[in-house]
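Shared between the two complexes below is chain A, which pairs with chain B and chain C, respectively.
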Partner chain A sequence: MRTYLSMDKINNGAWLLIYLIFIISPVFFLMVETLNQLFSGNAEWLSLTLPTGRRLQLLARSTGLASLVALGGGLLGLLAGNFLSNWRPRVGSYLKYMILVLAVVPPYIHALSWASAFRFWNDFAGSTFLPELPMYGLFISWWVQFMALAPFGVGMALLGYELVDKSLVDAGRVMKSDFKVFKKVVLPAAAPAIAAGSAFMFLISLMDYSVPSLFQVSTYSLEIFAEYSASYEPVRAFLLAFPLMILMILAASVFQAAFRNMAMSPKQPRDVKPVPLSFPPWFLALQTLAIVLIAFQVMVPVISLVFVTGSFHNLVTPIMSSLREISSTLIVASGAALFSLFLVAAPASHVSGGGKLNYIWWPVLILPLTIPAPLIGIGLIHLWNHDLLVHFYRTLLMPVLAGAVRFVPFGALIMLARFKRVDTLLLNAASVLQKNNLHTFLSVKLPMFGKDFLAVAGLIFVLTAGELAATLLVVPSGQSTLTIKIYNYMHYGESASVAGLSLLILAISLTMGIAIVRLLARERQRS
Partner chain B sequence: MSYLKNNQDGKVFLILVLLILTSLMLFSCQPEDGGRVVVYTSVDQMFAEPILEKFEEESGIKVDAVYDVEAAKTTGLINRLIAEKDNPQADVFWNGEFAQTVVLKNQDVLTPYESPEAADIPDYYRDPDGTWTGFGGRARILIVNQELISPEDYPSSIFELTKCGVPADKIGIAYPLFGTTATHAAALYAALGPDGGRAFFEELQEKGVRVVDGNSVVKDMVVSGELVMGLTDTDDAQLAVNKGEPVEIVFLDQEEGGFGTLSIPNSVAKIRGGANVQEARQLIDYLVSEEIEKELLEVGWIDLMVRPMDEDTETAELIEMEVTFEEIFDYIEVAKEELAEVFVR
Partner chain C sequence: MSIVVDNIAKKYGRVLVMREISFKLAQSEFLVVIGPSGSGKTTLLRLIAGLEYPDEGEIFINDRKVSSPGYAFPPHKRNLGFVFQTSALWPHMTVEQNIKFGLKGLSKKESNFRVQELMEIISINHLQGRYPDEISGGEARRVALARSLAPKPHCLLMDEPLSNLDAELKDNLLEFIINTLKDSGTSLIYVTHDLKEGEQVSSRKLLLQNNSRQSGVPFP
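Let's look at the complex of A and B:
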């Protein structure tokens, strides 16, 4: 038994090593390069890590904006997630997950759609007594980021509500009113997932300069790009990003702590069919408002895209001229999703096993989430563009790695939550009987965590398909991706083509989403 | 492996893995070096791609291109070329402007190549060390929405932008920290002196001129009517004009003896250590040829030819700002640093 467990530890260690080599090494490269620069006469660059004056103001504004986006996402998730988790119509059981699909639409498209919607409102309000909406400034920046990232907040909340033990809820209803049960049982159990969704929205918002700058709001991440653009020194940009890294590690710690709490929530028996809770009218009104918001969140970009596309011809023409980019994107996104299947488990398994050094391991494992995307690309170039590896460097493996480095740590966070809910004795038993690690993976872990792996792979597929900044730095010559093409069309003002290709990405993601939901449903029936 | 024999999911999973890995390898197969050239270009794909395809047809040399996108904010191809310096993957860099080509020269990314096809290009547009060749100028212009302002109210000078009666928040510029707007800012620093340059932009900022994400965004916002006018490049504005949008291109400061406007040439350079030496030379010869300069003029990517023109060629007659490329480059870094303080706040 001891020997088998030791072998299991060695296997886990090997996968962890692979994770460090493929996912963390670009960040290690930047760290080593930074030390090299600091000890080579550029020690004064260290002052970049301490924002003062204007930079401090920018950091405060960015943090405030990201916090408000996260707060909005948390509230929306709290209110709408509960409604959606109880939504049982046949079509609804699929539809409620479809909100996640909107995450694939680039924030820039959300921004343009909402700017059009605001303009439409202002034209209408101009002829009435209704107030006009600001077309630039903090409010519209916040609103667009909130709407663009809402799928993450609502999706995580939905997951949290669905993991609540319904038998506990039914037991509570015998003693107290439904709303009290919601406050005392349901909400505390789902709150960690809601907080986790908010934390992820905070992370993404903090790193985004494109939406705020479109509405004339300067952020700290724009300052990083300005510095990089002026100095061409990745180390200076890396040092300038240090305060963001600290903030994001703090946010990720909340995320991890939230998952830890969620992981402690009791396992839900499969055969319990819960009866939806009854809420007081004021709460129902707030829930209705949240659902209306979600409806707008989905409808505004979709209607705007359909309207701008205009005709079937405008939909088909850019698609036919982008077949190569579509193929590349499918391969790259699938490759990153495949990578995630192998790599998300090791760090999650390691951290979920406990240990005194977890407080060090955890920030290390999620470091790539805290690094500006172009710096990930630069790190990958330095690591892979050598004679020995150049045949890999010149392939689509590089954008696959770019997507994996950027998003696998997020997948690892999700898997961590799942692993903490599993009886480790089962895995130990499997490891005693295993022929090799692949055997355990295929015969035990894949069936056991299949739906979680699928969900994570689907998420990483969607995020990688929309990745731009790191992909652009490593895409092989003669190749391109759909997102690069969309941004090019955007530059030319080819709105119909942009809208057509965005609808295509939506359709692909929707198909992926439906396939995953159907697979999960089939597995549920089998078990 | 009994699971694999019995379980359909395991088979599906393995087939999926093999399919993706095979696709990855097949899709990434590239021909052996030779008969191939790799070009990195910041020129808009819609203008560059047809030219490169034509070169492929005429020369039989396969061109593998990497295109930049405006959204990457100058952190794209230039930084990729610098990062790849020790093991270069590109053979040729074709840039839509010149300042960042000089950055690459200073970073030792480029190697000299003086094309015989560039013999009739004035020395002014050629690097004295032969590392890059300039051709085809793009002017910085004002794009105006004709439905929102009458021609008699158009400003005639860049210094009248905020004095022509149009509210400042209806006038747009791109962030002067990136791309050609940064080059334009450096040119103004060079022409007006650093204090004058900074004062010009501080006035724009204080009066509330809209600073947006890029030159194409300026164009889009003028087209949509959200802005009345804005500074951008000719190629962006020309796209809107060609599509029949209600916009007009205005060349500023064109009166006799006037301040002039900035014309930014394309630049092309050979990458040091690029694998395909002969093919790279052929492509550079092709790009700097008079035929291609005329073609770029016709499609609207440039509006000025840098070489003496024949009578048949129609081109803008432009009064250019009296600053040299060296002077502009000398101010790039200081202008970016100062203007970050002015606009990113």
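Let's look at the complex of A and C:
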């Protein structure tokens, strides 16, 4: 049945068009430009799509790293997600969703804090028989990405477990042991969500070059950036990214299929408190280990950054010398968040309506999620760097667009999940009884979805504030964001300044993250 | 199997769903639980099955205490069958796999024989390899019934199992349920809000009223 989530078809169509123009056009431009170059004498560039030698090694390394990150996230989600879904704290039932808070903290902050923690451990281990941990290389890169992205894996798994139809579990419990019911009923039902979380971690890990490069690991994603810096040819970078995009499309397909199934799961009945499932001791031990890991994941960034900053002076001085970057960051992040408020609803509403063209809209909706971040920056440069648009091009609008292109599709997916779980009869009833569209919008839709939009805007705010790969390419000369400044400092090794600024980003991210989680958790309890 | 429910009370948050509910069910006996929506009929079955803790009172099965506040003997060890209000068929399993799930201690051959036997009796053998989303609502009800009967429970708990079925199918199924359970000596607690349907099942009734105690059945 078609839902009435958009104001009307024309309105929705207009917003979809704006979505295509601003969010999809950089990717579309790269595709068209590539075809143009290939048919105008540069067909030999096609060989870039088949990496050999060093590039093949880089691709294998990046894929291996991303697979291990996804595997770790899937396992952690399977264990910790189940524990959290059964956890019923007496006060503040939204507390279990706090695991999601650190999802908004940029990966480089995890990198900095875990590097400090590893250094601290090595200082301690040096005076004992305990083994030291590597400060560079694949292990620390994997560990940091695993920790940085774990909230996505655990969060999706938690959502999956919470969406399992409890009557299916009850039906099994009267016949078989709880653990057997977990294996045969709960796990297969939650599996799509766990797979979606893992696939999302795979996607992000494959795209990210900031963390591996900090630990002196070259990745395929960095190679794309290097190719563009050397040739200034967007098409060469696009063709080089082709194998990566194939992998990303595969991961995105898993994510998409799983996410769609999950979003269509039935709504839960009233919040009864059933007798908790009982598990064998070995499984409880593994769950405890997973929870300890999550505790580390939350505490290490906070503690190690405070420790490295050392003094109030070290916190204030870099902040005072970065006021310009702070204001730029706030403008860019707010701009992307504002953009998202207008753009996330239309595609989500359209897809949730289940129209005939859904098989086209789904890939379009998630297309920017499958494109390496540097390519989005490259696409934006070549699309907007024209005489006509030069006044826009030399402004902070570009990093705003970079954040929007990268993260608005993610926001649209969240809104889609929300729309899917709404009883469409409520909206049908409103459309029958309404005085006009505005009446329904103000009295029904805004109270129903207002907090979701705010939460999505908040999420896009913090993700954009921490964005590096695309922003680095499009930020106007003479301007910088806090993230770029921290990233530059990190290469110069100014640890106290970096830690001070990172603490600021962490504080902003955590405040926003807690607000988002509270909004979404309350919405979930209400729905 | 005998079941004793002794002075049970249950709250959801601040809402008192039931209090002072007591009754005894002897082996092979049938009991119909009747009451309006929200009177705690489903909750009563869930408490007997061990899916929820009572807030007050105790439940005994074969003289063994199985439920009290904060304590619940594992549901799968109570030897009960449960037919839920919704069919609650596992969507990733075929009809055959759904029915086979609860069988314990049987060889593969014996399991297959038991499943075939039940599917024939309930006239669902043509559904064997289908998934729940490939069968109708009425067929799903029959599969759920077969699934709950497969392990030969000593007592069957049925929560409005025939609601939303057409009259003819309802009568046929009800007759089948009553005959099958009588033949096997299985006890039955049957929840319904339909007085006529209740009359067909048993003359022994437990009437539940909203937020209050029971009436209609003496204890024990």
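Keep in mind that, in the parts below, the second predicted complex is superposed on the first by the 351 of 527 C-alpha atoms of A that agree within 3 Å, B and C clash if a C-alpha of one lies under 4 Å from a C-alpha of the other, contacts with A are read in each partner's own complex, and residues count from 1 in each chain.
Everything below uses one rule, namely that a contact is a pair of C-beta atoms (placed from the backbone, for glycine too) under 8 Å apart; a residue touches a chain by one contact, two chains touch by 3 or more.
Quick caveat: nothing in here was measured; it's all calculated off a predicted structure.
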First, second, both or neither for A:487, with chain B first and chain C second: first
Partner chain in contact with A:167 - chain B first, chain C second, else both or neither: second
Which superposed partner A:175 touches (first chain B, second chain C, both, neither): second
Touched partner set for A:185, first chain B, second chain C, both or neither: second
Touching partner for A:278 - first (chain B), second (chain C), both, neither: second
First, second, both or neither for A:108, with chain B first and chain C second: first
Common interface positions of chain A, toward chain B and toward chain C: none
Residues of chain C touching chain A in the complex: 12, 46, 49-53, 72, 74-76, 78, 80-82, 84-86, 88-92, 101-102, 144, 147, 151
Contacting residues of chain A [partner chain C, same complex]: 165, 167-168, 170-178, 184-185, 188-189, 270, 272-275, 278
Touch list for chain B against partner chain A, complex: 1-4, 7, 9-10, 13, 16-17, 20-21, 23-25, 27-28, 30, 38-40, 44-46, 63-80, 82-84, 86-87, 89-90, 103, 107, 175, 177-178, 182, 210-214, 216-217, 219-220, 223, 226, 239-240, 243, 333, 336-337, 340-341, 343-345
Touching residues on chain A, where the partner in the complex is chain B: 54, 57-58, 108, 119, 135-136, 210, 213-214, 216, 218, 222-223, 225-230, 232, 234, 327-328, 331, 334-335, 338, 374, 377-378, 381-382, 385-387, 390, 393-397, 400, 435, 439, 442-443, 446-447, 450, 468-469, 472-480, 484, 487-488, 490-493
